[in-house]
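Each of the next two complexes has chain A plus one other chain: chain B in the first, chain C in the second.
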Partner chain A sequence: MTAVVTGIDALQYFIPEFILGITGFAILAAGMFGSSRKVNASITFVSLAASFVYTLTMFNHPVYVLSSTFLLDNFGLYFMLLFLAAGMLITFPAIINISAKSEIFFSLLLFTTVGMIIAASSSNLIVLFVSFEAVSTGTYVMTAFHKTERTLEASTKYFFTGAVSTSIIVLGISYFYEATGTFYLSPSPAIISSGAMLVSLILLVIGFGFKLAIFPMHQWAIDTYDGSENSVSAFLSTGSKLVAFMIMLRVFVSGFYGDANDFYIIFTLLAIVTMTYGNFSALSETNLKRLLAYSSVAQAGYLILVFSAAGYAIGISDTNLMEYAVAAGMIYSLVYIFMKGGAFLAMNLSSTKKVDVSDLSGLNKKSPAAALSLSILLLSLAGIPFTGGFLGKFFLFLALIEVKLWWLAVIAILNSAVSVFYYLRVILVMYRGEPSENIKVSSLGVIPLVVCAAAVIILGVYFALFSTVLGFVGGLFR
Partner chain B sequence: MLMMELYIALFLLSVVTFLSGKNAKVYSLAVSGAFLLIFLFYFSYRYWGLSAVHGTLQTIPISPAYGFNFSLQSSGLSAVLVVIATFVIFAAIFVSSGNYSQVFYGLIMLTMSGLIGLLLSANLLFFYIFWEVVLVPVYFLIGLYGNRRSDTVSLKFFVYTHIGSVLMLLSFFSLYTYYFYETNGSFSMSISSLMNPALFETMPVFWRGFVFFGLFVAFLVKLPSFPLHSWLPDSYETAPYPVTIVLAGALSIMGGYGFFGILLPVVKVIPQGFLLALIVLGIISLIYFSLSAMSQLSMKRMMAYASAAAMGFVTISFGSGAIELQNSFSPSLYNLAFAGGMYQVLVHGLIMAMIFSSLYYVTKSTGKEMIGSLGGIFRGAPVISSFLLVGLLASLGLPGMAGFVAEFSVLAGIYGEIGMWILLIIFAMLITASYHIWMAQRTLFGPYNEVLGNIHDAGASSSAILTVMMLAIIFLGVFPHSVFELFTNYASGVVIP
Partner chain C sequence: MDLALIAWFVFLSPLIAFPLSYFAGLKWKNWSGIIASSSIAVSLILSFILYLYYSVPVHSSYNWFYSFNYGIFVDHLSIAMVMMVSFVSLMIHLFAIYYMGKDPNRHVYFAETSLFTAGMLGLVLSSNLLEFFLFWELVGLCSYLLIGFWFFKPNAASAAKKAFIVTRVGDMSFVIGLAVLYSSLSPLTANPLSIPFLINNMPFVLSVLGSGKLALVSILFLGGAIGKSSQFPLHVWIPDAMEGPTTVSALIHAATMVTAGIYLVARIYPLYYYSGPDVLYTLAIIGSFTAIFAGILGLVVNDIKRILAYSTISQLGYMLSALGLFSVIGLSAVGYAMFHLFVHAFFKAMLFMGAGVILLTLMELRDVKRMGGLWKRMPITVSIIFIGALALSAIYPTAGYFSKDEIISAAYVYMTSSGAWYYALPWIFLTVGAFLTAAYTFRMFFLVALGKPRSELADHAKDPSILVLLPLIPLAILSIIYGFFRGDFLSYLGGSNNLYVPLYIKYLPLTLALLGILVTYLIYGRETWMHMDLSKSRVYSLVKNKFYMDKLFTGSVAERGILPISGKFASFENSYNTDVEKLGRHALDLGTAMRKLQSGVIESYFALIILGSAVVFIIALIVGVI
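The block that comes next holds the complex of A and B.
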């Protein structure tokens, strides 16, 4: 049974949040006394790492706190680790481009991460909404950092679409309350598909769909990823995106359990158009950051296949298969952080703001390690074996076949084959031709890539991970 | 026994090639040569009695609860193919001019270890992984070292094969899922438990078809067969010669191994429509590729089509053999067809390696690749011309050479099933013979093309490797018994009537 903790004892379960929050203020204070950006980054990294380690100790003791608005179980903790890892990944690379007032950037990063890990540990719609807003607000400011014309444009687009999507989410939540009479997300098959439920479903799909950048709610993402700093793009496309994905798992798979057929249909349609649109748009793109942004849209399409498989499995009343689908999505999220985050961080290898594919030509001659690592990351995005991307797609497609959605698996796989075109194009450019003068190799640019590539390779051969993650899925339904 | 240790050693030594610096060619030659000898002796010892069908199964558990294991097991078929693949890659490294960097040799060595892993894998998961992983080094070999249009051609190669292989992955998933239902909750990816007719019989008709469709597409792309072939002439032409040798000699084994190594145990349950389609595609491939070859202007491209046409025999033999089995013909008949198909996979690799090696030397000494710009080079370079001639004669199926044995046994084995349609195959063989001879006439003999100036003949080292190939081809043509018996035993041991 899940323990229930009340009163002041509950505070001990928020130590990861406290570590980050207090450090955030400390960095702001240190900034007043002129601490350098390297110091700020180091403090940020240490506090994220401390929070990460503490979170690890909380596994396997599920507990309800604060009037059951918070639920700390393995499912949420797993995502907390992912978000903390996403934060750690961009801390040091951010030094390259964040020159002035770095304390503000790093404290923002910490505050945003607090919002993320709170989102991971709640199954109450109000708490989820508030933490989701905290993440959004933090990332609005991070996107606009430095206030250049490019970043301001990116941030404005992000802010306006974000504000609209937020209001749609609130509307959706109110319909949810109307239909179910509760803000708690728990699977109650008694709720049958009602009119209010369907309206709520559509509104929530639209609202969260903006954050996940699924077609047709994706256009802001292309411009924002392109316009913001490289490490911010990396953070937006990994951490911020996965928060939306995690919340969607909670909201749809758990909250709309009784309405699975509807979200199966909606997400299947969205997944097909999102994958296809993302991949085909990326084909003709020569701006590398936009190419990665479109590929990120396509990847969101793969991610929401989880909802198709899970929804279909619930529809045929097979909870085992539903759990496989969710676990496949969780594995994919883990791999996604490293492969997509790493790929965006690779933009730091170019000295230009608008990174063209040709800007990386001949990278192999300047830095073989960077070229090899980026190749591994791109191969992983394409889903080639011995990389984490293969593992993620492997379990995702396996989940689809297990619920006998063979036609959807075929569509996804053909899409995956199309994506090979543009990833391999980039790889070939790096290994051929003369080094372009825009390449700027620094240890801060290369080391994160090597780390990501190593992580992707390790994940690629660690098949046993699936059974571990499968054990975490139950937390979705407590 | 020892297989796993050998394989891991091979893989690690291949990776080391990337670090071998200036000595890359010598190093990779030494490693592949050593493994050629090791495999040759190991498998000769293992399969000398000709009775063994499978070797010992060795397993490294990865996630056993889900059936994911790295396991290796040789069979009479894969043993021979491993030896031939190692030999072809050894030859490719041997003939390469030595101006290449360690990356080039490293990629070739990786291709070799991936290919051998594929041939020995006893687990479908790793069969798939190796199938896919082999693509990556070859993609780079074509893309980085190819001549004109290498970027688009290498992409085309990759995407074609990738689509085939992901469809294959879906087939494996379906099998995996049905195995789970069938056994009420246990998982397996091992070839022996999934490639089992009893499992297929429990599956709904649609899913059975789905599984075979995915596998057929993957294998037909790789063979290649009409209409999935268009990557082949481009890739063979664009790739540098050592890579073409690897492609034509070693990688062409993959498709054939897919049919005879993976699908052979379940031929009983393949829908007849699929098998008929296989035969028809095989016949179309034979005729269409032979006609296309005839109209080519470049020797390399012509031989690429010749290579594709020869694989028509593989699909025809597999399809007809399987139908014969389903219609309860005599086992000796369909085993003959199957063994003939396997023999074709084997000798095709060898013959193509020889043809492309000698073409390489011809191109090196004359600087020309187009048929029209050559002529009468036998006068200036008699040794290399003779070797090319031997290769061409072997390829067209001259009795006494290895190709004849394969084609003859396929024809003998399938006649019972396809009857008068065999005339179409004979017709294709006539075209094959004619364009081979025609090409020899236009390039090797006839009046000397004075534009070429003075050409030099092959040196001692090139003669040595070509002599080895020639002897192997003649040996397999004159004493086919040694290997053929092994294949027949393998077929009769594996096929479940």
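The block that comes next holds the complex of A and C.
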């Protein structure tokens, strides 16, 4: 059972946040004395790793703290690990991108991560909202870093769209309060079918969907991923995106409790449009970062298939299938961090800011390891067997098939078939093209790729992970 | 001592050597062979430790996904097999350091052979049939790579393809068998494809599947074994597989590839004897027919390696038919088959390496009719081949005599155990096979060793240094003396040797073999053959054309059967191809059009958000959510 902890004892559950927060201020202070980029990055990495290790010890003791505004269950802890991993992934590659005032960047990274892990440890809409905004604000600044024309444009678009979506979220939350009289996420089935509640759910889909980049709210993502620094793009499309996914899981999995009104249809439509739009737009794109951004939109479409499957499962009151669908989404998120993060970090191999597909031409001749790793990551994004991407899609589509949404699974599979085209195009160019002059191979550029590719391969054969993750989902439904 | 851990490293050691020898070989070519060989030496030592410390079956397995486990299963059968595989493979690797010594791609070669050996060792130790199948495929893949190692030769490339495609037919059957077995058992048991489960719970499996389905599964598995162990009618790939380096042929024929099929049947042998006498008879008849069939083909081939290839097919037939004789020798059938497999591995590896030495000195001249007189010029090599030839022909006291003639005796008892006429066929085939074996073996030997050199190259042939031939010596010794350990071997595998046949039956195969040697000596030992013109004989041309089997497959089945159909499909597809291409172009255009939405103007983004949200609300209204 979930224990309730009050008073000063509650502080021990915030040690991961404290580690990151205090280190963040320490880095800022050290920056005044001129600490180097590498030192700052190392400190950041160590504190993220320490926080990661401490989080590992917190598993299997679900607990409510601070008047139940915070809930530390295995589901949230799992996502905390993912966010910390996403942070660690970009720490060292960021050295390449961040030329000045690195202490500000790294402390921002830490503060943003604090926002993320707070989001992962709450089931109260106000806390979720505030932490979500903390993540947004942190990433606005990270996007605008260096204040060049490109980054400023990227950040402006991100910020304004974010502002719109924030207002939509607030509107959604007020409808939620109107319907339930509380900010806690465990409404009873009777309330759920009320009109105000459903309006609230739709508004929240749109509001949180902005960060996830699902169809009508995706347009900022293309420009922002393209315009910001490579490691920031990687962070936006992994950590920050998964925060939205995690919050949506929290909100909608509880919100679906008794989905008598076929709410899953909304998600299904959004998923189809998002996948199709992302994949088809990427087909003829020549700017590699934009291509990855479109693919990131398509991946968001795959992610929200989870809600279709889970919603349908709960509509036929089958909790097992619902847990299965959610676990599939969680596995996909884990793999997604490495494959998408790694792919964006691969942009560091090009010396230009705007990376075209042809800029990586002949990469194989300059760095076989980088070419092979990037190929593995792209194949994983396409869902080729023996990569983590295959496993994620496998469980996801299996969840759809289990709930008898055959046609949706077919659409999703056709979509990933389409996506193979543009991923293979990049691989072809890397192996067949003449070496491009813009390739700049450095150990900081290559090592993260190799790490991500290795992680993707390991996840691709480690089937047993699924049953572990399935065990984490149980805490979601009370 | 943790035997499970040791068993893991038996096959992990060459697996680790696979990348190591490649990458080390990129820089220091000569190291790759040393790394590969020492990794297999480690496997050999570990298998010996397993042998020494073994007390009860070791089964360690982990869940992979669903009800599929991976792990290792160690019992007497697998211990014996890993010792043989690692030993023979080590000898071949040591020899290959010399044999492949000048090849510019030898690091690739050694990486692939260590992967090949790792695949075979993993297959032997598998605890689950699915895992077994994966290693089985790994072995198949490596054989493809190695047969086509000299891929720039068109023959080698097409031979590799042929080997891969023909064994694929068998693999298909194997995998269908796995599916049938899995789907029948999975509702009732947690881990249906686990090997220890299958061999210990046959009554349960039989009660679930029923005898008909069990027989079906056994036959489907047999299909896999026939493909891998090149039995009739899937034997056609082996002779072409001779296009690879000779050491690869030695590996394939002795240690790693073709024995896998026999081992599969032996591994899950309970499945076969629970399937009933008809299935067992199928084993016996396919094996014995292959034995005689390949023997006849071996008589007319002139390529020294192909003669050995046909002899392998024929000897594998003996092993398979031994496995079919359960009704008279009981569980010893496994021992009978495995013992012949071992002995065959020893002398066949030796024969191939001996042939390899000859080919190296004769610059890849393979036609035995252009050799001759080599005994005087290469005394050590040819003596070793002589020992191999004696063992292959099963002449007392070589090990071949003990392993093969006992199978023939068992086939005799099998015949007398039933009145039906067709129970006599295995014995007749195998006995005639004994004559044929001696005949084709010594035809090759006499053509190689005696007479006058019939080509310039053969005239200048010379023995290589004794150091090179060193790996062949242990194999030669084993080929001679191993027969005396037959009793121990059988009891180690849980069988016994208590077969009684009349003396004249017992010595009939030996007599026939000696007769075979005599006949061939009269023809080929004394140059009589030069005056014979067989080209007009219709029997000769029938055999020379391999009974038109290859023609049947490539001509009738492929060219007249499959190709016209696929041609129709192709033209069908062609007419749609243009449409499909259009579809692709339209998809690209659609994407480009969609991207027009991405104007870069933020006001239009807001417009889309508001419009999109409105549409979502409208849809929600329409479907009745609100």
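Before moving on, here are some points about what is shown:
Heads up, the rule we're going with is that the second predicted complex is superposed on the first by the 468 of 478 C-alpha atoms of A that agree within 3 Å, B and C clash if a C-alpha of one lies under 4 Å from a C-alpha of the other, contacts with A are read in each partner's own complex, and residues count from 1 in each chain.
Assume a residue touches a chain if its C-beta (ideal position, glycine included) is under 8 Å from a C-beta of that chain, and two chains touch if they have at least 3 such contacts.
Computed from a predicted structure; not experimentally measured.
Taken together through their common chain A, the two structures put chain B and chain C in a clash. Applying the stated contact rule after C-alpha superposition, one finds that A:E285 touches chain C and leaves chain B untouched. Judged by the touch definition given at the top, the superposed model places A:F386 against chain B, while chain C stays out of reach. Once the two complexes are laid over each other on the shared chain, residue contacts for A:I202 go to chain C alone; chain B is not touched. In the superposition on chain A, A:P216 makes contact with chain C only, while chain B stays out of contact range. In the superposition on chain A, A:L414 makes contact with chain B only, not with chain C. Comparing chain B with chain C, the partner in contact with more residues of chain A is C. Contacts of A:F463 after superposition on the shared chain: both chain B and chain C are touched.
Of 201-209, 273-281, 327-335 or 471-479, the segment of chain B running into chain C after the two structures are fitted on chain A is 471-479. Judged by the document's definition of touching, chain A residues 418, 463-464, 466 lie at the interface with chain B and also at the interface with chain C.
Per the touch definition, chain C reaches chain A in the complex via residues 62-66, 587-592, 594-595, 597-598, 600, 602, 604-606, 608-609, 611-613, 615-617, 619-620, 623-626.
Listing the residues of chain A that touch chain C in their complex gives 156-157, 160-161, 164-165, 168, 195, 198-199, 202, 205-206, 210, 215-217, 219-220, 222-223, 261-263, 265-266, 269-270, 277, 280-285, 418, 463-464, 466.
Put simply, chain B touches chain A in their complex at residues 62-63, 65-66, 68, 128-129, 132-133, 135-136, 139-140, 143-144, 151, 154-155, 158-159, 162-163, 166-167, 169-170, 173-174, 176-177, 180, 207, 210.
Interface residues of chain A facing chain B in the complex, by the touch rule stated above, are 379, 384-386, 390, 394, 397-398, 401-402, 406, 409-410, 413-414, 416-418, 420-421, 424-425, 428, 431-432, 461, 463-464, 466-467.
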